[in-house]
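Written out below as structure tokens is the structure these notes cover.
Chain nomenclature is as follows: A, B, C and D, assigned in order of appearance, with residue numbering initiated at 1 for each chain independently.
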Amino acid sequence: MAGNTFGKFFTVSTFGESHGIALGGVVDGCPPGLALCEEDLQVDLDRRKPGTSRYTTARREDDEVQILSGVFEGKTTGTSIGLLIKNKDQRSQDYSNIANRFRPGHADYTYQQKYGMRDYRGGGRSSARETAIRVAAGGIAKKFLKQVYGIEIHGFLSQLGPIGIDSVDYDVINTNPFFCPDESKLEALDEYMRDLKKSGDSIGAKVSVVATNMPVGLGEPVFDRLDADIAGAMMGINAVKGVEVGDGFEVITQKGSEHRDTLTPEGFTSNHSGGVLGGISTGQDLVVHMALKPTSSISVPGKTIDTEGNAIDIVTKGRHDPCVGIRAVPIAEAMLALVLMDHCLRHRAQNADVMSQTPVIPGNAAK
Amino acid sequence: MAGNTFGKFFTVSTFGESHGIALGGVVDGCPPGLALCEEDLQVDLDRRKPGTSRYTTARREDDEVQILSGVFEGKTTGTSIGLLIKNKDQRSQDYSNIANRFRPGHADYTYQQKYGMRDYRGGGRSSARETAIRVAAGGIAKKFLKQVYGIEIHGFLSQLGPIGIDSVDYDVINTNPFFCPDESKLEALDEYMRDLKKSGDSIGAKVSVVATNMPVGLGEPVFDRLDADIAGAMMGINAVKGVEVGDGFEVITQKGSEHRDTLTPEGFTSNHSGGVLGGISTGQDLVVHMALKPTSSISVPGKTIDTEGNAIDIVTKGRHDPCVGIRAVPIAEAMLALVLMDHCLRHRAQNADVMSQTPVIPGNAAK
Amino acid sequence: MAGNTFGKFFTVSTFGESHGIALGGVVDGCPPGLALCEEDLQVDLDRRKPGTSRYTTARREDDEVQILSGVFEGKTTGTSIGLLIKNKDQRSQDYSNIANRFRPGHADYTYQQKYGMRDYRGGGRSSARETAIRVAAGGIAKKFLKQVYGIEIHGFLSQLGPIGIDSVDYDVINTNPFFCPDESKLEALDEYMRDLKKSGDSIGAKVSVVATNMPVGLGEPVFDRLDADIAGAMMGINAVKGVEVGDGFEVITQKGSEHRDTLTPEGFTSNHSGGVLGGISTGQDLVVHMALKPTSSISVPGKTIDTEGNAIDIVTKGRHDPCVGIRAVPIAEAMLALVLMDHCLRHRAQNADVMSQTPVIPGNAAK
Amino acid sequence: MAGNTFGKFFTVSTFGESHGIALGGVVDGCPPGLALCEEDLQVDLDRRKPGTSRYTTARREDDEVQILSGVFEGKTTGTSIGLLIKNKDQRSQDYSNIANRFRPGHADYTYQQKYGMRDYRGGGRSSARETAIRVAAGGIAKKFLKQVYGIEIHGFLSQLGPIGIDSVDYDVINTNPFFCPDESKLEALDEYMRDLKKSGDSIGAKVSVVATNMPVGLGEPVFDRLDADIAGAMMGINAVKGVEVGDGFEVITQKGSEHRDTLTPEGFTSNHSGGVLGGISTGQDLVVHMALKPTSSISVPGKTIDTEGNAIDIVTKGRHDPCVGIRAVPIAEAMLALVLMDHCLRHRAQNADVMSQTPVIPGNAAK
């Protein structure tokens, strides 16, 4: 059934398969008057697009997005915005060998069982290629959030296999192909990835996203909490298997006296909560982490079954990222932007005045 | 704005505050013909209800649920089901001292900032008391899932502070006040909680939920994925700060050759995925974990501010669970049941035939 | 499937059958700070309730509504509002004779076919009794609309069988049991209804609802237009078979030069459009009409079939309104209030400033 | 706010303006396995498209629809379907004179007030040009309904100004440019339209849509009734001011003994209800009527104001249909198809078995 629309008040409906004619979508609910052009969206599409470094798939796509409606004389009109990205380098012949087999770790088996058929070319709709449209749509949200609320969203790689990070410098993120915020780890990452690629294997990763300059009050309990919607959005990204807000799984061994963030007249003195209490933003930085599984398409031989149920050997060919976590960074940013945009609009509906009221304490004292 | 309805096809809309007159809700979308009575729902309400052991709040509530509509001659009619639980032991005088201060780690501050006011009695709507209705509604879903699909849902405590578990025996879960599935840990838990209570502090926990006898094909990519909806549902439970499906955060250091679950004619040989691939259920056991923060209401003195922004000292009185994670077990089960019910109905809408088709491999070979 | 929630941003989810224990609902999305008490809602419930005149059903119900949550110290808190109305005078024995037969013109047949079973007592969920909760929920919306925007909603009987009206005086509406705005027709109505009742038959009616002091800009094209949502809401009232906005079916024979409302610096010079252009409110009075079919439960003997498909004779006993159109007046007002409330909130989300901007022309020049 | 998505389970999200680059949409929820190609959709697009007769606008558009996704090897895959229609004959210079004035009867004024700006070229998003995508999406629904349930949808012109129809022959509808089902009226229509065009004025119309071979049981009370959703869908078509189901406004003067449709073992003996009782389909023909206002763009001079509020004279130039009602026929068919598709899927979710159960009486005995 219908499941390709994200959001309630600011919605994004998408379509498109890995090797289809085009990817596209409808972005609905953007307030009028926002200056918007293709270049605004292209920045993140270029960050996400394949073929930009030797550590991502060799598939080459320009990922040029077209805005087909909803913008007039350089500004949004308040009507729905049509987006389109044409597929170019499809090479569907690469995938003909997977038509009648289920690649382990892939959605081949579940799509086949669910729908009774599947577009097997490059994974069809289950391919992460569809996230290009999410990134484009997220770009609209990002621009609105920055302009109207000053909110900024910073995504980065916080762990790749055994290599973690020791420091976060937002200015470093976009200077390297790993979206790594810690300059001291770049060499180790480079070396690790080189070896990994040689081995034909893949590796998992941890990605973090932080929103700064957050307003207080976003989130609609009890079900449409800000953190609940974020968790859904992040787990909905291909390959994500875990989501944390703030201290996440570390809270299991924390005591209450240790975890609770103290409020002072100057602000919170810590941010264990990750910027959400009771499902509503506190005004602190919003801190989200996620775990991404290793790419399933690897050249290490494995075993699986074909569509008839027979045991077979498999080596996945084609062009794949050895660590899907890397390119997930701009996708995670986009999804967080979509969630925040949705909640900003919802909050405005409730009470425009509350939104602009002065918080009892300065929101960003403790990040 | 409206945020108190869960689900799209099988929906639960709830109301009620910790110290209001009653909690209640509307359960909509239940197919007709399901045998249903209050006793069916009372089982889990009793598991969740406060006052049952010395490790939970001393507040006493019968939590007797009434079915007000939607059932006729012992069977659901297909129309909406009204649920009501009256509050009894409200003692709102306990909470008068928090009217003008923000308890650290609580939603006091965010509710006040969002709404410009709040029902401060026992946390009002932000109290986990509202989850009683979720548990009642989840009971309806549980019964349907079991009867129509054979799906069973097992929730349990998988870690409490430093104490983990070594084995999972579903039969042990309901024999102890911790919902712990490992009998060998009961004594340690008992001792730990006794000491904790004395200290006036609280502790975090990890809760797991497993659905067995899962059908293949549940989940609606790309946004309404089964795992995405589960993550949203679980993060929407009070105090949850992290959610995992399958191996969760362990995937960060896994290689692709290690993570991918091999398919054989006899079934999957492992379940790293936790029963979801591409957002769709595989037929394996559905495995979900979540991290719950320690209760913020503790008698350890702390610092905070009042509603005027002045620094003050605080000791939270009242009756509170030293580990909210324990009572979260039936809540987590209920939320998983609601998600699965929603997706079963969605899948039926797509193609009733596909649902009953024989999977290529036996779904439950590897759990 | 789930179909008992109305609205998108301001939602009302209802439950309850004609002869069940209670009717109730969850009203979600009401902004915080609105002064609200049961008396506010009781006014319209009393206007709607049965047993108030000899021209409505003799069933006696106090229809006393309870607010169970969402209001604290006399004001809405922004959280969901629980409503409950207990059924009292149920007399379900009256209806035992319809358990195994389909009353013509009733939903007996369609409910039985759809659900495979039905609560036959008094029509169960298909009875207009459920509209009591709509009226209560509408009361909340009415109060908000009046207080925040100055919008007022006037419903009235504009035709009953052959008796139309010549003039509309809002002050007359609530002075007579017909909700008729034309004092000169009261005697004729009285006489007509007396004769009708004697004959055991029933009659159709036309009901109109007008919203005054409308803001410009409500409605979300292209699908969630204001008029589209109104049409859906009105056709969703029991017994309604037609809905018009503005000139309605008269436009079929109108020329463009005749129909189009001229704009002048002083306002529109006419209101053929009924206050909606392109699905968006113009600021003129919003004018809606609807046609209600005659009550199907009449004591005139008829023919039908039983649940086995056998032909039988039928005389519908029980207590019924000879003209359901009359009591539909407060229901229609409530539904219009719910639609307007939903759209006011949606419009606020878009741009709070636009809402308060001065219209180019005075909105209410031509009503 | 977001308002460009239609449906709940089978959804259509659209974008595009009259003189933008393209119109498009996302159709989501179509079950897998339906044979589908562009030609299937082109049939109705050609019926709707402008420039086909001298009684419609002279604008020429091929309205060639492209299916961009969701179909693989000639069959739907169960994933979202992307649709695109490029605009060709845009001639936006025609409309430069309306940039700073409000055409009476148009949405110019309301769009400007709502959004604070507008795309004035050809009416932008408020133009009926967007309905091309509705027709394309409706084509998918039509094919599914016909193939899976045998449901057929027949739209026709039932009145044009003073000219009504005496008989309905479905075979005649598509043989003439008026979609008139009564051959004996064609000459009168031709003559009337010729004179009208000369006068530079426009005329209203009545359009009817009938669905045959309806299953029993579609519709989800109490709010998502079949007739309520139909009323919303029809009133949401540009220029529609009234909607009726079955006898519609005629019921005002009907008695209960006259209106109620008698059930017999052979079926209903009449169809005053129009095929809906209690919001659920009866299995009889579904009968819907609607009233469409005369085109507001006429060459008869009129008065209006400019965007500064000054009084001015206006003559609407450009290329317009003298009777928009005519081309509304395929649009109304499409909207009915979308509503029925949505409800068929919803009903399947409830109980696939009920859907196929044998009705107590033959559904189509009385149409």
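The rule we apply is simple: a residue touches a chain if its C-beta (ideal position, glycine included) is under 8 Å from a C-beta of that chain, and two chains touch if they have at least 3 such contacts.
Source: prediction; values computed, not measured.
K.L.:
More C-beta pairs touching across which pair, A-D or A-B?
P.N.:
Spelling it out, more C-beta pairs touch across A-B than across the other pair.
K.L.:
Of the other chains, whose C-alpha centre is the longest way from the centre of chain B?
P.N.:
The chain farthest from chain B, judged by C-alpha centres, is D.
K.L.:
Please work out the Cα centroid separation of chain A and chain B, and write it as a whole number of Å.
P.N.:
26
K.L.:
Could you state the distance in Å from the CA-based centre of chain A to that of chain D?
P.N.:
Once rounded, the distance between the two centres reads 38 Å.
K.L.:
Which parts of chain D, given as residue numbers and ranges, touch two or more other chains?
P.N.:
1-5, 8-9, 14, 29, 32-33, 78-79, 114-116, 125, 221, 345-346, 349-351, 354, in rising order.
K.L.:
Which of the residues in chain C end up touching chain B in this complex?
P.N.:
Residues of chain C touching chain B: 1-5, 7-11, 13-17, 20-26, 28-29, 32-33, 66, 68-70, 72, 75, 77-82, 84, 114-119, 124-125, 345, 349.
K.L.:
Considering the complex alone, what residue numbers of chain A touch chain C?
P.N.:
Residues in contact with chain C: 8-9, 29, 31-33, 78-79, 221, 345-346, 348-352, 354.
K.L.:
For a test of understanding, state which residues of chain B touch chain A in their complex under the given definition.
P.N.:
Against chain A, the touching part of chain B is residues 1-6, 9, 14, 102, 104-107, 109-116, 125-126, 130, 159, 161-162, 201-206, 216-217, 219-225, 227-236, 238, 241-265, 272-274, 276-283, 291-298, 300, 302-305, 307-311, 346-347, 349-351, 354, 357, 359-361.
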